[in-house]
Amino acid sequence: MDTDVFRAWITDIATVIREQRDHLTQLDAAIGDADHGANLDRGFTAVAAALEADPPASPGAVLTLTGRTLISKVGGASGPLYGTAFRRAGKSLGDTSDVDLTALAAALEAALGGIQQLGAAKEGDKTMVDVLAPATSAFSKAVAEGQSAADALGALVAAAQAGAEATVSMQALKGRASYLGPRSVGHEDPGAASSALILAALRDAVLASP
Amino acid sequence: MDTDVFRAWITDIATVIREQRDHLTQLDAAIGDADHGANLDRGFTAVAAALEADPPASPGAVLTLTGRTLISKVGGASGPLYGTAFRRAGKSLGDTSDVDLTALAAALEAALGGIQQLGAAKEGDKTMVDVLAPATSAFSKAVAEGQSAADALGALVAAAQAGAEATVSMQALKGRASYLGPRSVGHEDPGAASSALILAALRDAVLASP
Amino acid sequence: MKKLINAPDDVVTDALAGLAAAHPSLRLDAENKVVIRGDAPRPNKVGLVSGGGSGHEPLHGGFVGYGMLDAACAGEVFTSPVPDQMLAATQAVNGGAGVLHIVKNYTGDILNFQLAAELADDEGIEVVSVVVNDDVAVQDSLYTAGRRGVGATVFVEKIAGALAEEGASLADVAAVAREVNERSRSFGVALTSCTLPAVGKPSFELAESEIELGIGIHGEPGRERTTITTAHNLAGTVMDAIADDMPLSGDVLVMVNGMGGTPLMELYVMFAEVQRYIEGHGARVARNLVGNYITSLDMQGFSVTVTQLTDTLTRLWDAPVDTPGLRWGR
Amino acid sequence: MKKLINAPDDVVTDALAGLAAAHPSLRLDAENKVVIRGDAPRPNKVGLVSGGGSGHEPLHGGFVGYGMLDAACAGEVFTSPVPDQMLAATQAVNGGAGVLHIVKNYTGDILNFQLAAELADDEGIEVVSVVVNDDVAVQDSLYTAGRRGVGATVFVEKIAGALAEEGASLADVAAVAREVNERSRSFGVALTSCTLPAVGKPSFELAESEIELGIGIHGEPGRERTTITTAHNLAGTVMDAIADDMPLSGDVLVMVNGMGGTPLMELYVMFAEVQRYIEGHGARVARNLVGNYITSLDMQGFSVTVTQLTDTLTRLWDAPVDTPGLRWGR
């Protein structure tokens, strides 16, 4: 997977977030403050512009620029969390120009680690971690088992979608939704939903590459 | 017509205004500030209490106390106008204990004069004057012609109701409704409506007396 | 209707009690619903009295204090107070130099203050009345009750109050009050109606994108219903109405006033547009107020008031004031 | 949605431009959306920086000035600002005595201020952060992100600002800020939801007689939905929640704060009830604020904040302040 694949991933995220902006905001209105769609749309629009303006030369540089731009443009809880995640993933890739599945799995583990270090959320707290943790571990396992890219990414996205779905019945213990106590049950977490979109875009970008 | 008739008139007004409070307020909401019903209800409730607390000994004293109480309790445009009207009518009756139709006609003329002196409204300006002026003149004419009390009071109320109805098509030139310019057309003036109620109560009180 | 009240009939009394409790430097004549400066009457200082219907807070009770009003009479919601209240206020602040009545031009206010002035005269208190009528949305002609008194009332109370504090005579204080009024123009816009506590539903209905231009401060409908547009365009409409009536030049004092339910954020957006308009028309915004100063219960909307300053008016504007609603220099 | 704005994306920028235009003593870093005291940095004075999502005006930009904040960063509506803004603010006000970050306890604010403090540290600027978390509606436990920072933020900014103005050290200014926070509790109630400009419809829906108890300042639903009752009963509910968490005694500072769309008249009605409650529970309302200080766009509702005073806190509260939102003594 070369630089183009990673650039395609990020621009795909920008597109899908734009499309799902109102949906993400609606999820946030139910248990948060109704800005998650606008936050990510602002952030990834800025990222797409930054990638366009000064195209990075390696997969790692694409992700690092993405992370830095998200930190500078998003704000809220999701800005530092996603920003740190992409920066850690970029750092994990180093300056290699061709990323294999093992390196990608390590990068996703690093991203998850950054989010948990910063936000201290555990699985079950009803956050983006409930998507990223099971998805990353399913992906790492599939890669370790030597599955094909398509199968491993399929496992990634399936676990992500199941994780997002599973947040519906959870009571939030982190972020704004935790203020609602039991009233947070019955709604999908907006950050979990956006994480599932981000990982689905990764699969699509990789599989679409020649 | 003795003191009891005049006391009955005023307490009848209090009753009918209480019943029509919301209607008067609705008329005022359309072209004014939605308080005419509350204003008059507050005023006549206070008047009824004052008449109860220290019953005046003559028809003139009943009307004077009514006027003074309205001035002290109503506020707005209608407070000083109706208050002055009742005070002038009371003064016009003097301390006679039995009021005949001629004296009543003179008292109503005095009331109208007080309102016009204070508020400077002419007929056609879409105010209470559009009820009080034609009603008073119809009554004075009937009395001068020697008609019976029932007929003269019938003429009074018929002219009052026609006058109130006629305000619907007028453009307001006085009071708050004048700010609306042409938009004031098509609505009955609240003060005209309350004046018609007040005069109908007069007829009822006089005709109900033994 | 959802309001933070105990009962519609108690709202004026309860709010006055809260105002007095929050500001121990004020005295409350609860029976007459009059808010009075704690140190009134001040010997040889002209007393300033204003008042009107309630529902316009902080006007008038919130402008009682050093350098502004000596007393304010609160009527029922949107209903002029009665002469007894005005007389009580006048008596309470008369320090021997006479009393100025600042009256907004509404039939009810005019008539009740007129009766009150007669009563004060009977008691030997010298009273001069100044009528505020700054609302350009109303044609001042034979065909109306004349222009309404709106935003300029705040400026009249502040500037006349400052001059009175300096020890000026009743005639001079009245003259500066009239001067401020003559040099002032206002225009108001409603985005929503307002709900009187005693009525329980909005005074008029506006659809999702409708607004009313040229409203007063009593939830009366305006002169024209139109469609919401940008802050920039709205500022143009409002300022055109003002500038057509009083060409802009020199230093001006500007108030962008909220009607009670409009967030400060939006008022600042409006102020930026109004300032740009004024500076684009050759005048300079030398002083300003942005906030809720003369309101209409819970109405969303705003009004703009512009006053052409003179050196003296600027000096009096800058003079110290210490009231619940306006405070600086002390 | 009817708002006085040009476009949802411009509302923060336009409002900041209006704030700066209305208050020439403030400086605006428009690119970073930072409002700064005109005379910053002040040599050897501890710099005070706060910030957060917009939509809470006058907080924070309206509290920049003498005796309060040195700079405020404005995020998008209800969204924490980003570290770059906080760094720019920190640099602009660093006079060599270090900078205090006053952070409301929300995950986003905490994380972004944390990253900003690291960046400032890289540049050799000493930063201490104080977290405000006064909202008793949230259980402070393993099961939440901790109590939200709400009304006490205003008191922390005022009192820490006064101590900084006296020339105290960063450690002492941070200590008094923490002390104010620890001695403060708040509780909020919504009568209506609010509408974000970028969303265009209310964040939640309340029926004709429904209210939300225990709301924050971001249009989040509260902990419980119930039915509107009298101001007296509402004050009881709110004050019980506060007094259960912090027994009332001695002199207290009280704020009855409007959420943006509530008329001042109703806030005074509430204040009268709150004061009665407090005095009935053996404490005394020594100081108060009644008005819109920390808002939620156009939401109707209110919050109450109570702080147990000490002689020092009272002295610092009374010290002169000169900002768009709070001003006395100057």
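We just call them A, B, C and D in the order they show up, numbering each chain from 1.
Here, a residue touches a chain if its C-beta (ideal position, glycine included) is under 8 Å from a C-beta of that chain, and two chains touch if they have at least 3 such contacts.
The structure displayed is predicted, hence computed values, not measured ones.
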| item | value |
| --- | --- |
| Mutual neighbours - chains that touch subunit B and subunit D alike | C |
| Gap in Å, rounded to a whole number, between the CA centres of subunit D and subunit A | 32 |
| Distance between chain centroids, defined by C-alpha means - subunit A, subunit B (Å) | 76 |
| Mean-CA-position distance for subunit D and subunit C (Å) | 29 |
| Touch-based graph of the chains, sorted into line, ring, star, complete or other | line |
| Touch relationships between chains, expressed as pairs | A-D, B-C, C-D |
| Complex interface listing, subunit C residues touching subunit D | 2-7, 11, 14-19, 21-22, 54-55, 57-58, 62, 191-192, 208-209, 211, 228, 230-232, 234, 260-272, 275, 285, 288, 290, 292, 295, 297-298, 300, 302, 327-330 |
| Of subunit D, residues touching subunit A in the complex | 53, 75-84, 106-108, 111-112, 114-115, 137-139, 142-145, 148, 196, 198-199, 203-204, 216, 218-221, 223 |
| Interface residues, subunit B side, partner subunit C - complex | 25, 29, 31-35, 38-39, 42, 71-81, 118-119, 171, 173-176, 178-181, 183 |
